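Sending over a structure as structure tokens; questions will come in a sec.
Letters A, B, C, D, E and F mark the chains in the order given here, with residues in each chain numbered from 1 onward.
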Amino acid sequence: MAKIIGEELKNIPWQDKPKGYHLPVWRYDNNPIIDRHAISTSNSIFNSAVVPFKDGFAGVFRCDSLAVSMDLHAGFSNDGINWKIDEEIIDIECADSEIGKREYRYDPRVVKIDDKYYVSWCNGYHGPTIGLAYTDDFKKFTQLENAFLPHNRNGVLFPRKINGKYAMLSRPSDTGHTPFGDIFYSESPDLEYWGHHRHVMSTYKGDESAWQSTKIGPGPVPIETDEGWLIIYHGVLTSCNGFIYRVGCALLDIDEPYKVLHRTRFYIMAPEESYELTGDVPNVVFPCAALSDSKSGRIALYYGCADTVTGLAFTTVDELINWMKKYDMA
Amino acid sequence: MAKIIGEELKNIPWQDKPKGYHLPVWRYDNNPIIDRHAISTSNSIFNSAVVPFKDGFAGVFRCDSLAVSMDLHAGFSNDGINWKIDEEIIDIECADSEIGKREYRYDPRVVKIDDKYYVSWCNGYHGPTIGLAYTDDFKKFTQLENAFLPHNRNGVLFPRKINGKYAMLSRPSDTGHTPFGDIFYSESPDLEYWGHHRHVMSTYKGDESAWQSTKIGPGPVPIETDEGWLIIYHGVLTSCNGFIYRVGCALLDIDEPYKVLHRTRFYIMAPEESYELTGDVPNVVFPCAALSDSKSGRIALYYGCADTVTGLAFTTVDELINWMKKYDMA
Amino acid sequence: MAKIIGEELKNIPWQDKPKGYHLPVWRYDNNPIIDRHAISTSNSIFNSAVVPFKDGFAGVFRCDSLAVSMDLHAGFSNDGINWKIDEEIIDIECADSEIGKREYRYDPRVVKIDDKYYVSWCNGYHGPTIGLAYTDDFKKFTQLENAFLPHNRNGVLFPRKINGKYAMLSRPSDTGHTPFGDIFYSESPDLEYWGHHRHVMSTYKGDESAWQSTKIGPGPVPIETDEGWLIIYHGVLTSCNGFIYRVGCALLDIDEPYKVLHRTRFYIMAPEESYELTGDVPNVVFPCAALSDSKSGRIALYYGCADTVTGLAFTTVDELINWMKKYDMA
Amino acid sequence: MAKIIGEELKNIPWQDKPKGYHLPVWRYDNNPIIDRHAISTSNSIFNSAVVPFKDGFAGVFRCDSLAVSMDLHAGFSNDGINWKIDEEIIDIECADSEIGKREYRYDPRVVKIDDKYYVSWCNGYHGPTIGLAYTDDFKKFTQLENAFLPHNRNGVLFPRKINGKYAMLSRPSDTGHTPFGDIFYSESPDLEYWGHHRHVMSTYKGDESAWQSTKIGPGPVPIETDEGWLIIYHGVLTSCNGFIYRVGCALLDIDEPYKVLHRTRFYIMAPEESYELTGDVPNVVFPCAALSDSKSGRIALYYGCADTVTGLAFTTVDELINWMKKYDMA
Amino acid sequence: MAKIIGEELKNIPWQDKPKGYHLPVWRYDNNPIIDRHAISTSNSIFNSAVVPFKDGFAGVFRCDSLAVSMDLHAGFSNDGINWKIDEEIIDIECADSEIGKREYRYDPRVVKIDDKYYVSWCNGYHGPTIGLAYTDDFKKFTQLENAFLPHNRNGVLFPRKINGKYAMLSRPSDTGHTPFGDIFYSESPDLEYWGHHRHVMSTYKGDESAWQSTKIGPGPVPIETDEGWLIIYHGVLTSCNGFIYRVGCALLDIDEPYKVLHRTRFYIMAPEESYELTGDVPNVVFPCAALSDSKSGRIALYYGCADTVTGLAFTTVDELINWMKKYDMA
Amino acid sequence: MAKIIGEELKNIPWQDKPKGYHLPVWRYDNNPIIDRHAISTSNSIFNSAVVPFKDGFAGVFRCDSLAVSMDLHAGFSNDGINWKIDEEIIDIECADSEIGKREYRYDPRVVKIDDKYYVSWCNGYHGPTIGLAYTDDFKKFTQLENAFLPHNRNGVLFPRKINGKYAMLSRPSDTGHTPFGDIFYSESPDLEYWGHHRHVMSTYKGDESAWQSTKIGPGPVPIETDEGWLIIYHGVLTSCNGFIYRVGCALLDIDEPYKVLHRTRFYIMAPEESYELTGDVPNVVFPCAALSDSKSGRIALYYGCADTVTGLAFTTVDELINWMKKYDMA
């Protein structure tokens, strides 16, 4: 039995697995939990990030406006299911206006490291790259230097330093609807300068795991376990009618997280429900955040549905690790 | 309060805005009003045009056959909601067989100028261009010269001469699923020779109004108001899974309609209902006709849904002009 | 009245045509008959083939796994509607390991010729080509030589020799989501060497039958009638949001089956139901098998829905031949 | 023997055909006549137009600058071979600044109609279209309305009215390196409004005349003969390494110039010399102007070479018409 | 020392290797040997095949006409260097007009098997495939069935039966400028039916042999040696400005020629001379025929240059086999 | 008169500007200085870097092998014109085999900072990125961490620290023949971790400077002057037949080099000579290195020609700065 290393989270949202359900991840029965019009000016709310905060939860949400511009909004919840999202875009302070000038912002992740909450997102700076900011209260945010040169998406910080360095997973990209993408690992002594870039995982080009043949990218913040870092990631296949986004997971070495110990050949989740099959971008499930409880091993997974609404699903550390070992391709 | 200039239309189809609804256009609650099989040989009926006619309404409808060939059918209605569409394709007479020879016809608009009803449509003549015809009774139609050289789509006549000339909006295109497109204005002394072409509006390439970043094209016949010509148009964004067609509006100068006074940064309507999200072309709402009542300011909007069925929606001149001024990008 | 030449099939699945239904093919009212999770490791089950076998029915099914790898599974049914599909992939024996080595297998067809059941499918061998095997019992399968060089898909054997030769329809392709494709006819003295290739039908490039403008490919095994070989085939149109797969039929000369006697200008079936409009590949109906009863003229058609589930539909030889003659383009 | 209808031109540049040369067009033996650096700020000078003027010749030249911006310069010559090109860009006056505002200008043609010299060119106006201007002295130019909506290139006026109307050939295009293109005919009562558009010639999609399979476009001003309008046009084939531009000719009906009487299946000129095979765009010969002498039947052809320099070639009306009749595809 | 198995050819064209030349293939010093205008109606003559015939040599030549249509002409030579090519296209008789109907013909190979000369070429039949014919005298040719379904190019027969079967190498292709291509092997008992298809060699996707990364295809008829079948083939790399065709060689097993014994990592010839760097398709050397002398081991290689003219080069069996073993990738 | 800040270089290669030559950069009259076969296994030698070394010069050269694999070779010269290039690939030592493992290496730059020579190049590590190494003697090289995540090309170090940090220009790219590209600036405290990324210059999308409309990238190491950092860069335009690489220059602020003071609207050099117009990639001049003499202001520019050979050209700091100010677009 694998063990999550970290804090207990008694109030993690939860539903037991339906009897006879054969996949390792199951959906909340009242999905979607956030509607596309949850604020008054939104076209869609999806690909969003949540963390425990005070007695409840806080989050940073991707809200595409009625202009279909992409930006970040803060939100709060007592139970992790019912959310109140701020009508106003997050106002991020930045000492250097060259960096602070907004082009577009989307697909945030949030992680607590030591005493601060750090947000990473896809930030427009002459092309997509990884923006970084921190906050104490989800009201005031301070922006740091962009981590990389363009073009990059899906920058995800680890929840603690590794070998004394901050660590990040990301997916180098191109300027458009990138038709390729592997996962890489990078380090920083200070969240300002980045280096020691290492390749982690490639797409899989054969029929044996076709769902992840076009591109893969990191999803929620890695979960530390006694067997390694558990990551949940998206994989994309190109059908004759476009991209299909599904979800898999992998286990990375604790001290050298660019080494893959296990990796799912079978996906763990795929678009099946009407709110995943239809919407602005049909056939997308896209995980961006996970809550976990070290005591029970429970994991609550937040994911974007068809680039339109936000869904919630459940699993446990054992479900995922057993699945990985059973259908392993590492 | 803006005022529509034109005739009263007491029997305009109408439903009041649902309480708390936050967008300026709302759907008829029994949509779609025309099913894909409303005539015996149709694959789909959409992107169609209606006008007041005698005591009721008449229209020209795009009916794609079971061969998925595209052609025009006439139809009639007492209330603008329940339609009887002719089983037979409109037979258009043309003095010159070179022009009259049918390749394909689609996306009609209809407008009454003086005593005649004029139909414009996308007409196949060695590529798509703008066909023109007139009728008195929606039974006998007489075809005129094509307005332009190929390649063009979405030719929309103004409802009266401007500065003594007939006037038309259109969208120059290419031969296929055109990935670009601006709106232009052209004039004619006689509906036979066209010139004085003017650029009206471009797509918007930034994040601030991404829904109209790929192409835009004119929709219903412009509505004259005391503030300018009110036009409703479609805008397209390219997702990784194809085009998304949404709807916006703009206000053009009365005497120089190639000058834009106001234009929506936020869209006014987007695919949300299952009959808009799924069908032959998912994620399409495509407006082609509007009825308006000068007394009440009411507007009934007819639009194609997923290139499959026809929907009806409602708004008012004040809803649209207030929205434009509130979220303006002109 | 046309007559099917072949055996009676008293237990053919059947429902009468709904009153007033205007198309020649109608759906089973409890579709889909096979769910995407009918076996424990499947992402989807579709594009599959069935034949009468003993007192009931047997079939070969395309099951994409949770890795989205593509392979073939056998299945059995008493009534042709409720199916029990083997959890294990078919194990095909092959004398020559060069041919027998599996890359991927999909879109099977099954036909009984003399005393054996022959399976043809899209077989990965340095690109897609046509694999062939035979079985007596749907348990042990013996693989033959691939029929052609790459790249080919949709190889369909005729149910008897023609002029003393085995005969096959197929669709030459490219390596990817092929954007073209005609139907060809080939002969073999021995199922080992193939030649005498003849062109049968092209796509139709005009508006008059646009649904089959991108590519066409053979579907179920041809049905022999006293007027010629009745074939049911898929046709594809490219919309701005991808491919749309529909179904048509044609009548081929009995002795020279590369001569087309009749061919549908109007399709006979198109994606309309939610399980056809949404799924891994939206807007696909893809026929792969047909049961027929020579006494009643009844035909039961099995087809893939949205590359996700399996549907059943019904028609008769007269429905199809009348439709072809009424809307003929041969 | 065909006869050119028009003025004598005693001082037409000329060299006799080399003995034994088998093609109907032969090159000037001191080509190129205009170097890429003939003015101090030019990257290249090509695709340019000349006419008899006073005792010598005048012309409008496409000069791409060292910035590779595209514009028009006037030039003068005593013998049609040695040219003095103005260092300054032509300053075109225009009553309407909307039209007069320069985006880019290239590929001019010049023709004398009645007492004025008219210039047509590819004019940037929200995409390429046909610009028009007139001059008396090649110093002061007055710009007219653009003839068409975008997108069009290669607009070429006839040298006199036909049936009382101005007449123009052109090639509808797309916004980029257009991969298609047919020749069309349009009429105007006043050079301001254009209509009665007619299709003239298509590309040829078969192997029998592959050099003109991608696109074709009109070249010099049509030459009137007693057998019809003689036009010289460019044709393009797409090799795996890009476009190849070659030259052909056709004979159009005198009164209905959209009717093709003869057309070359064999080209009359192709890139062969090093200054045609290499340069900014390898493998281009592109004719834009022709001088002709009604007395001798001689024709001097000016053409762009590899989008870099300007060449001169010779032929006669009989050479071309005999070739057309011998290798005819009309 | 390797030994060619076959007849002596005393009059093989020959020049000794230039001193200090470091590549294993060297050019004839008076290249090109056949000009683009060697017949009166040709645009270009290249990619052609020659064999010993009577006291001299005969050949089948690809002549693209002035229409740039592609067809085959016979030619004769006393010394293999100076050629007389027939003005008329080869007239091929065919019993079945369906096959005999010409679409286009190009890239021939010629081989003597027993007492007949067989020609294989890329033959248009609803797409490119492999045409076959035989002749006794290079005057009368009799066409056989096409070997394969479309789409295929570069069909090359072996010079004798292997294991009692005729044998052919070929390259499956698509309908256009195919961006992929491996070499395959097929057998036939009678030159009418083909089967037992085997994969021989793939492109090489890594940097270690980038010149053959896009596609490879067989060139001249295989040369039998005591170490195996020596084949010379073309390899293609895609630069940002198009395809570059170079030449390599390989050694195949005598009895199972789909087994590769050696294969060049380094190319043996690449475009370097001006007649290879410029022409209709820049940067192409394309070998189609080789003469060999079993006594001296000399090989004379005929190759197309820039799809425009024909070149001659020399090597020996030892030069090639040593190079293969030194820079081997098999 | 601008002044170069740096060392004197008495033995800089030099030829005076030809009389009357109008462009600011002129070619060495015996170009190319390095042939494609300068070493025994090379297909081409180009895009290479040189620096003063001891009494003469040393360099790192891109040599594509006969396999067309891309790698780096050292070379030495007494006069900067006649070069002796090592037959062996540079052997770069690297403490971490993950980084040191070669995929491919190309387009090097070399710069002396303090006492060491640093090489930067395009390094294959799961896509192209910027490799870094240092050497004292051009024999032993030690590899550092890659500077960035993929995908990047043209990483060029500044010759001294700026504000206490190492500084680099680069061009973010995609995985293929990238059709876009701007120049960025990045800083590092230690050549190990990089950050503070700033945008420097964009392509120019208008006709006014079309030669740099597709992509731009830094060339030689920046030259310090009393007016700012002088950089020479390549710009690319996409013609219908592929990319054209030309050369421009700009002046950057001394302390904030991401601020552009001047920039050429007109290019300073373009492909004109046969060795630039033809070769493996026609129409390429690509500068990678510059020597400069602070006393005379002379600059010797090394550039790749058609991706095949290496050329040398000359200019002065005044020629470039005057040209920039005269044809400025900053």
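The rule is simple: a residue touches a chain if its C-beta (ideal position, glycine included) is under 8 Å from a C-beta of that chain, and two chains touch if they have at least 3 such contacts.
Note that the structure is a prediction, hence the values are computed from the model and not measured.
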{"item": "Those chains which touch chain C and also touch chain A", "value": "B"}
{"item": "Topological distance between chain A and chain D, in contact steps", "value": "2"}
{"item": "Farthest chain relative to chain B (centres taken as mean CA coordinates)", "value": "E"}
{"item": "Duplicate of the A-C contact set - from A-F, B-C or C-E, the pair where over half of the pairs recur", "value": "B-C"}
{"item": "Centroid spacing, where centroids are CA-atom means, of chain B and chain F in whole angstrom", "value": "55"}
{"item": "Chain E and chain F, separation of their C-alpha mean positions in angstrom", "value": "42"}
{"item": "Shared interface positions of chain E, touching two or more other chains", "value": "241-242, 274, 278, 282-283"}
{"item": "Chain contact graph, described as a line, ring, star, complete graph or other shape", "value": "other"}
{"item": "Which chain pairs touch, all of them", "value": "A-B, A-C, A-F, B-C, B-D, C-E, D-E, D-F, E-F"}
{"item": "Chain E-touching residues of chain F, taken from the complex the two chains share", "value": "36-37, 40-41, 43, 65-70, 103-104, 124, 177, 241-243, 274, 278-283, 307"}
{"item": "Chain D-facing residues of chain F, complex", "value": "22-23, 207-211, 237-242, 244, 246, 265-267, 270-272, 274, 277-278, 282-283, 327"}
{"item": "Chain B to chain D touching residues, read off their complex", "value": "98, 125-127, 129, 145-152, 170, 172, 174-175, 180, 182, 184, 186, 188-189, 192-199, 202"}
